[in-house]
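Per-chain numbering from 1; labels A, B, C, D and E assigned in written order.
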Amino acid sequence: MPRRSRRTQKKAGASPGTLVYIGEKKVDQPVVTLFVYNNERYQERQVERLEEIYPCRTNPPTSWINVTGLHDVRLLEELGGHFKIHPLALEDIANTTQRPKLEEHGDHLFVVLKLLKYDEPSGGITGQQVSIWMTSNYLLSFEENHEDIFDPLRERIRTAGSQVRRCGTDYLLYRLLDAVVDHYFLALDKLGERIDAVEDELIEQPTKDTLRAIYSLKRELLFLRKSTWPLREVISELTRIESPLIKDATLVFLRDVYDHTVRVIETIESYRDVAAGMMDLYLSSLSHKMNEVIKVLTIISTIFIPLTFLAGVYGMNFNPEASPWNMPELNWYWGYPAVWLVMAAIGGAMLFFFKKRGWF
Amino acid sequence: MPRRSRRTQKKAGASPGTLVYIGEKKVDQPVVTLFVYNNERYQERQVERLEEIYPCRTNPPTSWINVTGLHDVRLLEELGGHFKIHPLALEDIANTTQRPKLEEHGDHLFVVLKLLKYDEPSGGITGQQVSIWMTSNYLLSFEENHEDIFDPLRERIRTAGSQVRRCGTDYLLYRLLDAVVDHYFLALDKLGERIDAVEDELIEQPTKDTLRAIYSLKRELLFLRKSTWPLREVISELTRIESPLIKDATLVFLRDVYDHTVRVIETIESYRDVAAGMMDLYLSSLSHKMNEVIKVLTIISTIFIPLTFLAGVYGMNFNPEASPWNMPELNWYWGYPAVWLVMAAIGGAMLFFFKKRGWF
Amino acid sequence: MPRRSRRTQKKAGASPGTLVYIGEKKVDQPVVTLFVYNNERYQERQVERLEEIYPCRTNPPTSWINVTGLHDVRLLEELGGHFKIHPLALEDIANTTQRPKLEEHGDHLFVVLKLLKYDEPSGGITGQQVSIWMTSNYLLSFEENHEDIFDPLRERIRTAGSQVRRCGTDYLLYRLLDAVVDHYFLALDKLGERIDAVEDELIEQPTKDTLRAIYSLKRELLFLRKSTWPLREVISELTRIESPLIKDATLVFLRDVYDHTVRVIETIESYRDVAAGMMDLYLSSLSHKMNEVIKVLTIISTIFIPLTFLAGVYGMNFNPEASPWNMPELNWYWGYPAVWLVMAAIGGAMLFFFKKRGWF
Amino acid sequence: MPRRSRRTQKKAGASPGTLVYIGEKKVDQPVVTLFVYNNERYQERQVERLEEIYPCRTNPPTSWINVTGLHDVRLLEELGGHFKIHPLALEDIANTTQRPKLEEHGDHLFVVLKLLKYDEPSGGITGQQVSIWMTSNYLLSFEENHEDIFDPLRERIRTAGSQVRRCGTDYLLYRLLDAVVDHYFLALDKLGERIDAVEDELIEQPTKDTLRAIYSLKRELLFLRKSTWPLREVISELTRIESPLIKDATLVFLRDVYDHTVRVIETIESYRDVAAGMMDLYLSSLSHKMNEVIKVLTIISTIFIPLTFLAGVYGMNFNPEASPWNMPELNWYWGYPAVWLVMAAIGGAMLFFFKKRGWF
Amino acid sequence: MPRRSRRTQKKAGASPGTLVYIGEKKVDQPVVTLFVYNNERYQERQVERLEEIYPCRTNPPTSWINVTGLHDVRLLEELGGHFKIHPLALEDIANTTQRPKLEEHGDHLFVVLKLLKYDEPSGGITGQQVSIWMTSNYLLSFEENHEDIFDPLRERIRTAGSQVRRCGTDYLLYRLLDAVVDHYFLALDKLGERIDAVEDELIEQPTKDTLRAIYSLKRELLFLRKSTWPLREVISELTRIESPLIKDATLVFLRDVYDHTVRVIETIESYRDVAAGMMDLYLSSLSHKMNEVIKVLTIISTIFIPLTFLAGVYGMNFNPEASPWNMPELNWYWGYPAVWLVMAAIGGAMLFFFKKRGWF
């Protein structure tokens, strides 16, 4: 998980609509790709000059324009100017710390999403922002860096007769949402594996690293949760708005994505409960262990300390010649064996006492 | 309880409607059984060829088609195709990680349930998915493996004049729901017994296993809870939808099942509270025990350590001949008995101090 | 508090409407008493043959039929048959694990309540189920065993001119509810006394029994809470349903009972908070005590261990004749007193150090 | 804070409307004072015979009748009879364990409040019940004992031309509410001071008394909270009911009191959070301290125990004459200094080890 | 963070509308500045005599009057009198312990906000109150002391053709809100840095200061939270009221500020979760450390205590001449080496036992 962003908002005091890219620069050069398709034909192209895509604004076949890399503010401004994207929406696209949201106006929908990905090497979850601007005949999507999660979708578009080719931008929007939500499951699976691993560790031999692993799990889940709840709101709203942009046939698909989101949330919440339970388990393992250690110390100490004392007594140098009361035991015939017997009796009594108390 | 499923969703990026079975293969061969009945007669048969059940779609007497084993995707597709089951519903039937839900359309109801069973050998609760597709004259139910929980219901159908024979598919649906919810009570009873057992252990002699038992109880309850809340929603919705498929006479029965579900939930919640309380009790028993151990250590140590020191002093070898100040006690007449007296006084004072502090 | 009921539901899989008594048999023989009254006259009788009460169904004066003892299923069936009680309601009456609920139909109300009683000898709270079937001219009440909590009410009915004589079954229902809720306060008072006692113990000398007492308090409160929230719902619903069975004049009384229920709930919730606080207090008392014990151990040990070491050194037997460097101190003139001085200095320094640290 | 009231409800089973005073007797003799005022003139009088106030019921100028001392049930009954107070309301007035509530009927409002006061000597918060019965031209207020919190209000009434003189009973009601809520702030200020004091103690030198102080703080806050939430409801309802008794001009003042109540609640909630945080801080201070103590014990013990062992070894009495292998070290030339060197080395190594571990 | 204010409310019992300044005096002399602007021209001036600003009340161009320093009650009264500010609003302006709120009347809006600032030297968050009184053509803002957070806004007003110059008071209000909310992000960023720092400390070497740092973090977050939730309500209400004062074009901007507030709240809540997690981590680090310390103590003690006992035994002075059973070992040929061997065996066995238990 990334550290808490040092800059949640770069532009305190600046005018609204001032376009500033907030986030890391993740690709060298923004890449714009264009899909134009309908049931009969499709066209796919990497865009060199923005003018190429301007006709999409009004021409009938469904167009999907995907922009990868958001740090080129001029590009965003140009696109925004031509496609009449509201300055505040443009700001949201460029500010990658935005929370998921949906804005609906008569002729367009604006959706901001978080795409989560489990980062294998670091073992953490990273997120990037995906923004979508949709009208009845074109859909603009913006992503921070190139992810292959939309590739299966692209493949479907290339396939003649596929459902996506038969439907409009609303179905395309659904497919994008579906791809994003599906990746939440992948991230959750990875987290589930980590939870299993930590749990095994916890039961076998908990160490200080186990503690850190639980703590980091809890933080990942917190991060996931922060992204998922607003996502659920967005999709729930999508299924409820009565916009002409969303056809009835698409609603059933959106409701399906909504169900998936609810399942993601429930899984996150139950993982959080499990993680809290593991913390408790860790703490009580620790107490239990300390208890064991202290018991060993106590058994050994309380057995030998009185014996050592006794040995010390008969190591005293009182002069037997000065008085008949001075350590006559030292001269007894059975003195030494008797001391051993006494010692064994004391030790045995102690052991019996500990046994009765159930200490071992 | 099963481990967190490694694959919550197998098909990230795939097209919706692609039928993939998600879950373990629990039976070798899917089995399809058919009940056709009305008040006068009934017919029961194991279906060999799917064509046998096609007439059920339109013919008047109530039909109940039960499919056991869901891994045969082709069978599902064929059924789905003939009975016009929506592709997304078909997907939900095959994906056994679905959460309970209800979908209502003009002419059919689609219900997904979790059937819970206490698994005696492993001592955990396992769940299987039961999906129901109901129209006004037939009801399709899908289960992962054969459970005998519907046997009493089958027996009732075989009995002439029973209520289920007199009513339609909505009453049949109620009976299926009722059987499922009743098994939640059985699982809860088993958990209740385990809670009692753990509690007895906790009061008599808590061990590290007690801790694990509490932890596992908490996880079972979490799992139960995750299944039960959506189940409650489903049944609550069933009592409120105004569908022509549900007759008014059946509503009072559905409300009864709903009451049972609420009772299940309340019992789960109070078990969770009890389990949380047991964790606290365990932790404080542990502290209490450690306290006792440390007290014993302290009493023995603090009594004997000063005495040992004293014995050590009179074991020193200062040469009495070198000076009259060198250990003259060793030559005193009452030296040795006096040392014993001093030691006894010190020990007694210590004991008195501990007694006053209420240490034993 | 009773242990978790081993059988929450005896009849998984059985047909609905199969009447099975679930609960302990608390009285030998069911007793049916009948009150028929109006403003002018009243009649009170213990019923021998059920036929005696059949006229109540239709005859105008208000009738109150009270059944004590529910295990005689045949009696219930006969009553149910004659008074046209719905089979599911009859089942609820016989199944004493029901949660409080209200069912309203055009011509009757069906109420299930829990009557709580503080059981003096066992020091726990026990509950019995009270079910009420009310129409405009008669009221049937069912209780598991004979409780005297309705005796003051019976006395009022016997008193000419009392309000209950002037009003109908709805006021009678209110009086029954009021009597039940009033007994919640008695149970709470007893619990309050126990909380005070536990708190005194906690402040004076907490023992392991204190812990168990807190744990048992928490469980009683959990049990109380589980009964009270649905009771509140039931009474709240009673004040809101617009049933011809409840007259407007009675509504103000029902709202009063409702206020009492809310007060019961608030008291339970604040008792729960107090109990949670006591658990924390107990745990930290324990830590505090262990701290004290360990301090004593540390002070004694760290003072005497170095001294014992020193005594040990001068108890070594190095041969002074073999070398002038072998323990010349033993032959010094002031050797022995010097050792005592050094020891006193070490002990004093230790004490000073502990004092400065605020250890005693 | 008072102990949990032994009698929350004295009259289980009694008829509703039976007037019983529940609470401590706080004044010897009930005192009734009467203010009659309008814009031009005012009259103030201590009432000797109740008949004096009967004309207030119908006569136009605004009257405020204040009753101090509620244990004289006959007085209440007489007042109730004349002013037509509903028996249940009268019961609420006499039962001082009532929770704050508002009842609105066409021609009157009935309000029950808790007046909180910080009791300087005992350092706790005590509450008394204030009930108000208001109609369009008179207002009856009932308090358990005489508090001077209404004195500033009385002063305003005596002042010609003050707002209270220009307005009716609704403004008077607002002023009473405002005075009551203002005293919540005073109680909170006192609690805030105690929190600061406890916090200082916690940071400087936490003792067992600190723990008790936190516990008692938490209980006071619980008590406060229990009174304040229903108060908020009451005032919120007052601003929302559309009663002819509350003029529009008064609404803005009531909303102001409402804002104050919300602030009281937020302060209570944040104090509760702070108190919970202090408990955590106390517990971890305790752990930290124990850690320190144990470290000291460990350092001293682990350094000296091996040394003492070594000294013990050379204090053994093996006979060097019996064998050349029997303790030849004792006769070495550098034997004794060598032992000291070895001991110093062991001690130094231990210290180095502890230093490296960061133990001191 | 400031201590809990000793005086939350200075005027218990006083009449409403009595103007008393509650808060610290933060500037010497109140400063009133005036901006009058429209699209064409603007005028900026520091006001010497209040009469200068009176024309703003009715004259058309947009006026922004900013008052810095609120302790001069007479100034407030004069302003309030001329601009017809309701006495209760005036009281809220002067009482700087007010919670954020919005009041809407036909011709004006009254907003109270908290402006938070991270105080670099003390490392805490301080708040000042900003109140705004807005009508269709002028806006009065009141702040406790001069903050430069509105300077960028002033700069925009000075810039010809800026959006603020083209719009009315509602847009000005939005810009003020936006500036305030943006500073919450700055405060959160600082807190985020502190959280990172504390976390690093926690992982590397937690000390008692870490604990205090966590506690202080939690209190800052509590303070932030208390200010932010009502702020969110205020802005949410602003976007929903249908006031002629707020133009539709401004609504989209207000919704944007609302989104920012929600993000602030989510960040605060997740920081609170993180802080709670850090507390747990700290406590378990502490336990872990204590465990380590106790293990070292136990290993050293349990190895050497039995050995010391053995050495003590052979230091006893039993007289070999008195009996052949008195310590014959001392005269054995291999006696001394044998004792060393036995001791080494015991020590080795102990080490093996600890190794097997995984103690080091």
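Keep in mind that, in the parts below, a residue touches a chain if its C-beta (ideal position, glycine included) is under 8 Å from a C-beta of that chain, and two chains touch if they have at least 3 such contacts.
Worth saying up front: this structure is predicted, and the values here are computed from it rather than measured.
Asks: Stepping chain to touching chain, what's the minimum from chain D to chain E?
Replies: Each step joins two touching chains, and the minimum needed here is 1.
Asks: Between chain B and chain A, is it the same set of residue numbers doing the touching on each side, over half shared, or a different set?
Replies: Different, since most residue numbers here occur in only one copy.
Asks: Between chain C and chain E, what distance separates the C-alpha centroids? Give it in angstrom.
Replies: So the centroids are 41 Å from each other.
Asks: For chain C versus chain D, what separation do you get between their C-alpha means, in angstrom?
Replies: Their C-alpha centroids are separated by 25 Å.
Asks: For chain E, jot down the residues that touch at least 2 other chains.
Replies: Where chain E meets two or more other chains at a single residue, that happens at 283, 287, 290, 294, 297, 301, 305, 308, 312, 315-317, 327.
Asks: Chain contact topology under the given definition, line, ring, star, complete or other?
Replies: ring
Asks: Could you give me the chain order round the ring, chain A to chain B and onward?
Replies: Putting chain A first and chain B second, the full ring order comes out as A, B, C, D, E.
Asks: Taking the touch rule as given, give the residues of chain D at its contact with chain C in the complex, in rising order.
Replies: So the residues of chain D in touch with chain C come to 3-9, 11-17, 86, 88, 97-99, 101, 205, 208, 211-212, 215, 218-219, 222-223, 226, 279, 282-283, 286-287, 289-290, 293-294, 296-297, 300-301, 304-305, 307-308, 311-312, 314-317, 327, 329-337, 339.
Asks: Touching residues of chain B toward chain C in the complex: what are they?
Replies: Listed in rising order, the residues are 149, 151-153, 156, 162-163, 178-179, 182-183, 185-186, 188-189, 192-193, 195-196, 203, 252-253, 256, 259-260, 262-263, 266-267, 270-271, 273-274, 277, 280-281, 283-285, 287-288, 290-291, 294-295, 297-298, 301-302, 305-306, 308-309, 312-313, 315-319, 322-323, 325-327, 358-359.
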